[in-house]
Structures are given as structure tokens and as C-alpha cells.
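In the part that follows, the structures are each spelled out as C-alpha cells.
Both complexes below contain subunit A, partnered by subunit B and then by subunit C.
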Partner chain A sequence: MVDWMEDRTGIVTQLEHFLYEPVPKRGAWLYTLGSATLFLIVLQFLTGILLLFYYVPTTDHAWNSVYYIMNEAYFGQLIRGIHYWSANFLLAVIGLHMARTFFSGSYKAPREWNWITGVILLLLVIGLAFTGYLLRWDQDGFWASVVGIKIGSYSPFIGGYVANFLLGGDVAGPATLARFFAIHVWLLPAALAPFIGIHLYLLRRHGEFGNQFEYTDRLAKLHEQQRLEEYARYELDGEEDGAEEDGRNGEDRENGRYSDRE
Partner chain B sequence: MVELQKDRITRGDFLSFGFIGAVMGAILTIPPAAFVLSPVIKTNVLGQSDVSQDWQMVGPIDDVPDGEPIVIEVDFPIDQIYGNNEVQEQFPDTQKSNEEFAVRSAIWLSWQDGQRPEELQGINGSLTQEQRQLAEENLNILSNICAHLGCPVRWVIVEGEGEFLCPCHGGIYDINGGYIGGPPPRGMFRYPVREVREDGNLYIRHEFDDEDGIPGLTTTRPHVV
Partner chain C sequence: MVQNVAGGKAKPVEEEVITEDNVFDKPDETMGFFPGQVLKDGWVALFLLIACVVMSYAIPAPLSEPANTAAVDYVPRPEWFFFFYEQMLMFFPGYTLIAFGAVVVPTVFIVLMFAVPWLDREPVYSPLKRPFAVIVGVLILIVVVLNMLLAVSRIINFPEG
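On to the complex of A and B.
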């Protein structure tokens, strides 16, 4: 079955590459931050899908539906809690991941595009965080969004257009909630997914620790080394076992052979 | 080097691809862009507003005290994405038609410099034309949203002196809404279209005094409420 999948998709090799990624020995744990980010984004997708079963994106029901999720729906607190905390940790982990990339110089050639797609992903996640805040339609989220929209209104030349685009009119109202919902639930996640794909494809192409050719070489060397070690162990075992065998069976055999001859 | 184009592009290819590309691109991009941007086109380009331009009652001016402002909530009906006026007029008694969507604005009312004019002391009953005019001139009608980033300001007394303070970034205004300190680029937003009627009630319309922000670049508008 594994061979069948491997022959048709190459998935086993890919998984092996991802799971046995060679990373620098120094600060090896820092190289798990990217995976942590991916994990949290997947969590966001899953819990977000679940929240949509109860959330109602209208000004007269949004707050009530969140209240229902938190107090009536089974495990609602857990699901929304994960969505909320994972969103918070996501930004923190992305920051750490970015810092690791920066301080280990991993943005340098040939990985510039990994950095660029990473920055695009960061901006998309910030957009998701910003639009998600309003959806609760409570005082906290509402005024935070008002501040955010007003910040947008200070952009030179297009400030007024930016503000009214986000508002969906010239005051905060039903249209604002509707478009923040659309942006949060469809537009940005749909934009996020392909960039995650590109980010991972480029990671696979260049590896954490050298490009594909280096990587293949390293892997070949690693396998060679493992094989040699295995041989050495086998030979060692063989010698030890052989010595004992020589001590007993060997003589017997010789004796037997001799006895045959005789 | 990787080679993208094996065959040479002829002038004809270029023009026909360019033409077809332009037409297809326009067909594919203009409708969705206009769909998403329609509020921007309606408000910014055509200058329409979601907020009803009818007069809204604020309250009796006699309630405005000396020396400090009072806050009054006013609901301005809005017509954003909900509702169809035609249907609502046809079936006025259904539940849907009676739901009104409004943007709730808090409005600070005070007398100019906190002093009520002598002629308006102890008014009751109907006002004369002069009294109404005087009241319109001497009332500060201020939106409670900060001119900086739109947080709601409140009236605080610091060392015996009152001032409007924004909780977000510490913008400070005086009782007339004039700028004192902090990050706001201007004073508080005023409602310049006002009317005091004979019964002593104040009415306003949803309009603000726009000012140029960065000259030639931006105007400072309330934008949000």
C-alpha cells in the first residue's frame, strides 16, 4: 500500500523530507516555529468552519449568536476559545518565526521568495485578525475596528476611499459587518491558502538547510554513513559471533570435514 | 537561462493577444470590482450618504446646564444594505417594515464657554425668534467621536477644570470642542446644521464641519459615525 501510494504520488518521500528535515544543530527547536504556525493556521481553519455553524453575520444577531456559542452550544467555549487564543498565538509565533528567519539569515539567496511570500502571509493574517475582531459586534471589537478604519482614513490621497470601502458606506452599520464577514471568512482565507502552498513548495525546493542538490547530497551521504555504520556493526557482531562459532562449530566442522576425508 | 518563449511573437500576435486580453480582462475585472466598490462609488464619487438627511430631535435646550456639557444619544436612521423602501411603504404594518436601522450617535451639548446667555435664562413655553436665533448661535453641538481615531470622548474634571478627554490616546478638547492637546489634528466635529424650534427643542441634521487635514491631501472627516 505504501509502495502503491509512493509510486503514484511520491507522498512517502515528501513526508519523509518534511518529517526528517535536517536542521542546524544549534537552536534546532527554533526551526519548528514554521510548523507551529502552520498548525495554528490549520486550527483556525477548522475551528472557524465550526463557528460558522452558529454565527449569524447581521448587526441584530451577531452578538447573540456569539453568546449562544459561548453559553448554549456544547463545547462552544472550547471551539471559540481555541479560535480566539490560536489567533493571538498565531501572530506571536509568526513574529518568532520571522525573527528566527532573520537572525539565521534564512532569507538570503536563493530563499528571497520564501521571505516575500512569508511577508504576504503575515499581512493576510493581520487582515484576518483585524476583520475577525469586528465580527463579535461588541463594544470592544466595534471601537477597535472604528480606530482601525480611522487609521486607514489617514492614508494620503485615498484615505476617504479606504475608509468608505471598509465601512461599505459612510457610517459603520450592517454593511460594515457584512463586508468584514466576507473578507474574514472567504476572501482572506482563500488568499492565504495558495500562499501557504507556495511557501511550503519553496521550502521543499530549497530545504531548511541547503538547496535541493545539497540536500540530496547530504541525504545520500547520510544514508551512506548509516549503511557503513550498519555494516560495521554487522561485521563487529559477525566477528564476535564468528569468534565463538569458530571456537566451537568451526572446529567441529573442520573435524567433521577432516573426519569426512578420513 | 530559462527560455520562456520559443516562437517569436509577431506584431499581429501581439496586437491580437493584446486586444483580446484587454477585452477579456475588462469583462472579468470590471463587474466584480464595481460590485465590491459600489459603496465607495456611491459615497465618495457621487456624494450620497447612507444616513437620513431628515431633521432629528436632540432634546430641549433648557436641559443644557451652565458650566458643563450633557450628553444625549440621537439615532440617525440609516439605509445601508437592509430594507427596500418600496416594499416597506407597500406593507407598512409588517414587522420587517417597522424595523428601523440607525446609527446611534452621542452628542455633547453645552453653551458657548459654558455660559448660558441672559436672555435664555428660565425659558418656558414658546421661544421668540430672537431667543431661538441666540440659542442656535450659542450652543455647542459636538459629536462625541474623537477627531483623532474615532474613540468616544468624555467630560472629565481635572484640578477643577473640565475638559473632553479621549480614552484611547489622550486627545484633549475644551468645552467648545476646541483642540487643547494630544494627537488629534483638529477640534471636535460639530453639527453645523441646527434648528431650535418654538417648543424649545433642538433639531439637527447629520452633517459635520469638514476641515482640510494635510493641505491638498486629506480632509478630516468623521468617517465612521
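On to the complex of A and C.
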């Protein structure tokens, strides 16, 4: 069976390659932040799909359907709770993940695109967090979204278009809910998925960059080696100088060199 | 060590010459992604899942009154992760400044965020050797956290808005 799968798909080698990829060891707990982000996003997708079983995106029924999920539906409170709390944790974990990347300098060449896709993912998640708030159609979510759209309408030059795009009319109403629903459930998740793929592909391509403390031994070796090379060069220079001494004077130069060597 | 585990890929260990270019190619100590990293990731995921489950019963996801689109006096609160943004807007009062604070400043910040790899091109990684980047990063963190605290204190002080 394993051989057959390997022959037909090559999946066994791929898996082996994937699973035994060497990764840095010392900072391993720091690098769980990225996978925690992925895990929470997966939770978002799963619980979001389950919520769609009961949620009705119309102004008449949105609040009632959420109320039904919370009070009547089997495990409704749990599913919505996980959706809500994992969204909150997600924002926090993304912040930590970003801080880790920033302070360890992991965005430097050749990992610029890891950073850029990461920023895109952050913006998409913020968009999801914003659009999700309105879907409950309760006072908090509704008025917070109205304020949010108002803020968008202050954009220089494009403010009117932004507000129009989000509102779908003159005031927040059924069209707004439909748009926020479409953005929250289709547009942004569909945009999120490929960028997660690129982010992970790039991670595997360039390897996990550890903090500098992952490289102390190698850096020590490098510095030792550079020191030896320096010595060798000075000695060589010294010999050359010695040979040149009879020919040219170069006393000043010599002084400089010797004081360097000491 | 790890290459041996991967099976068949073990190369004869040759003394690698470490240069400026390849010193950061691989860390001192590595481990196989599985099981080392996978296990740690799994523990964190399990912890988060349990936290989500416990929280969803301890503090159920909120649902306030049905939206009353005609209400005029309702004071909405953003989610906590928008607190710092909302608080920041307080520093740009009035009709002329609001566009600047609400859109221009965040846009500039986002553009700068995209540009980070090109703004900091030093080939050193250690935070100790990149004082400028670290100071900027810490300042941003302080501003965000302070703004959050200001928003929280404002909400506690003026629960009615």
C-alpha cells in the first residue's frame, strides 16, 4: 500500500522530506507562534463553516439566528464561543509572532517576501475582524461598524467610494449586511488562503530563521577564523615589509603596521 | 544528525568552511521538524483549544440588543484590538484633522511596515546590534499599549460615553 502510493503519487518521499526537514532547536518555543496563528485560522474556518449552518444574513433574522445559535442549537454556544475567542487570541498571537520576527531580524534577505506576505495576512485578518463584528446585527456590532464606515469615508479623494462600497446605499441597512457577509465569508477568506500558502512555501524554501543565539557556535567559529586570517595577513605583511626594508624606507608605514599588530 | 534520520541522505561529514555568506545558513543545533517542532506546536495548539473552549462557557461570546438603526444616542465600543486606533483618533480632533489621523497616518504606517526589509538593510540580525530598529519597534509597542490603556481607562471612567 505504501509502495503503491509512493509509486503513484510520490507522497511518501514528500512527507519524509516535509517531516524531517531540519529546523532550529534552541528557540523552538518562539517558533510555535507561527503555527499557533495557523491553528487559530483553521479553527476560524471550521467554526465559521459550522456557524453558517444556522446563521441567516438578513436584517430580519441575523440577530435572531445568532440568538438561536447561542441558546438553542446543539453546541451552538461552544461553536460561536470558539469562533469568537479564537479570533481574539488570533489577533494577540499575530502581534506576538510579528514582534518576534521583527526583533530577531528575520525579515532580512532572503526573507523579504515572508515579511510582505505576513503584513498582507495581518491586513486581511484585520479586515475579517472588522467585517465580522457587524454580522451579529446587535447594537454594539452595528454602531461600531457605522463608526468604522464613517472613518473610511474620511479617506482623502476615495472616501466616498469606500463608504459606498461598504454601505451599498446611503445608510447602513440590508445591503450593508449583505456586503459585510460576502466580504467576511467569501472575499477575505478566499484571499487569505493563497497568501497563507505562499507564506508557508516561502518559510520552507528559506528555512526557519532562528534568533541570533541559534548561531553562536558558528559565529564564534567564523570570528576565530577571521582572527586567524588577520594574523596570517599581518605576518605576511610583516615579511614583505622586512624584505622591502632595505630597498625603500617606509618607516611611517612600518610603525603603523607594528602598532596594529600589537 | 538530522540528515541521518532522513535516511539515505547522510552525507560524509566534511569540515565546512564558515564564511560571512554562509554563517547564517543553518543554526548550530537543528532537530527534525517532526517530532520536535510538531510536538511543541501541538502543545501550544492544545492549550489554545482548551482556552477557547473554557472561555466560550466562562465568558460567552457577547450579543447585545438587536440593532436599532434609528437609535441616536448609542455609544459603540470597538473590539479591544481597535482600542489603540480609536484612542489615537482622539489626538486628531475636528473635521480637518480627522482624515489625517484616521486614514493618512495608518496608511503611511502600513506602507512603512511593507518597507521594513528595505529600511533596515544592515546585514546583522541580533537586536543588540540594531539599536535603531529595536528602539523604533519598542516605541511603537509603547505607543500602542499606552493608547490601549488610555482607551480602557476612558471606558472605565465614562461608561456612558
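Quick note on the criterion: the second predicted complex is superposed on the first by the 180 of 262 C-alpha atoms of A that agree within 3 Å, B and C clash if a C-alpha of one lies under 4 Å from a C-alpha of the other, contacts with A are read in each partner's own complex, and residues count from 1 in each chain.
As a convention for this text, a residue touches a chain if its C-beta (ideal position, glycine included) is under 8 Å from a C-beta of that chain, and two chains touch if they have at least 3 such contacts.
Predicted model, so just to flag it, every value in this text is computed and none were measured.
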| item | value |
| --- | --- |
| Subunit B versus subunit C as contact partner of A:I149, first or second or both or neither | first |
| Contacts of A:N164 with subunit B and subunit C, given as first, second, both or neither | first |
| Residues of subunit A touched, compared between subunit B and subunit C (which is higher) | C |
| Partner chain in contact with A:G173 - subunit B first, subunit C second, else both or neither | both |
| Which of subunit B and subunit C A:S35 touches, first, second, both or neither | second |
| First, second, both or neither for A:T13, with subunit B first and subunit C second | neither |
| Which superposed partner A:L78 touches (first subunit B, second subunit C, both, neither) | second |
| First, second, both or neither for A:L43, with subunit B first and subunit C second | second |
| Subunit C-contacting residues of subunit A that also contact subunit B | 59, 143, 146-147, 151, 154, 156, 159, 171-173 |
| Subunit B partner contacts - residues on subunit A that touch it in the complex | 59, 143, 146-147, 149-151, 153-154, 156-157, 159-161, 163-165, 167-175, 178 |
| Interface residues, subunit A side, partner subunit C - complex | 16-26, 28-29, 31-32, 35-36, 39-40, 43, 59, 63-64, 66-67, 70, 77-78, 80-86, 88-89, 91-93, 99, 102-109, 111-112, 115-116, 119, 123, 126, 129-130, 133, 136-144, 146-148, 151-152, 154-156, 159, 171-173, 207, 209-212, 214-219, 221-222, 225 |
| Residue ranges of subunit B in contact with subunit A within the complex | 36-37, 39-40, 42-44, 49-51, 76, 78, 80-82, 101, 103, 145, 148-152, 168, 213-214, 217-219, 221, 223-225 |
| Complex contacts: residues of subunit C adjacent to subunit A | 2-3, 5-7, 17-20, 23-24, 26-34, 36-38, 40-41, 43-45, 48-49, 51-53, 55-57, 60-69, 71, 74-82, 89, 98-99, 102-104, 110, 113-114, 116-118, 120-121, 123-127, 130, 133-134, 137, 141 |
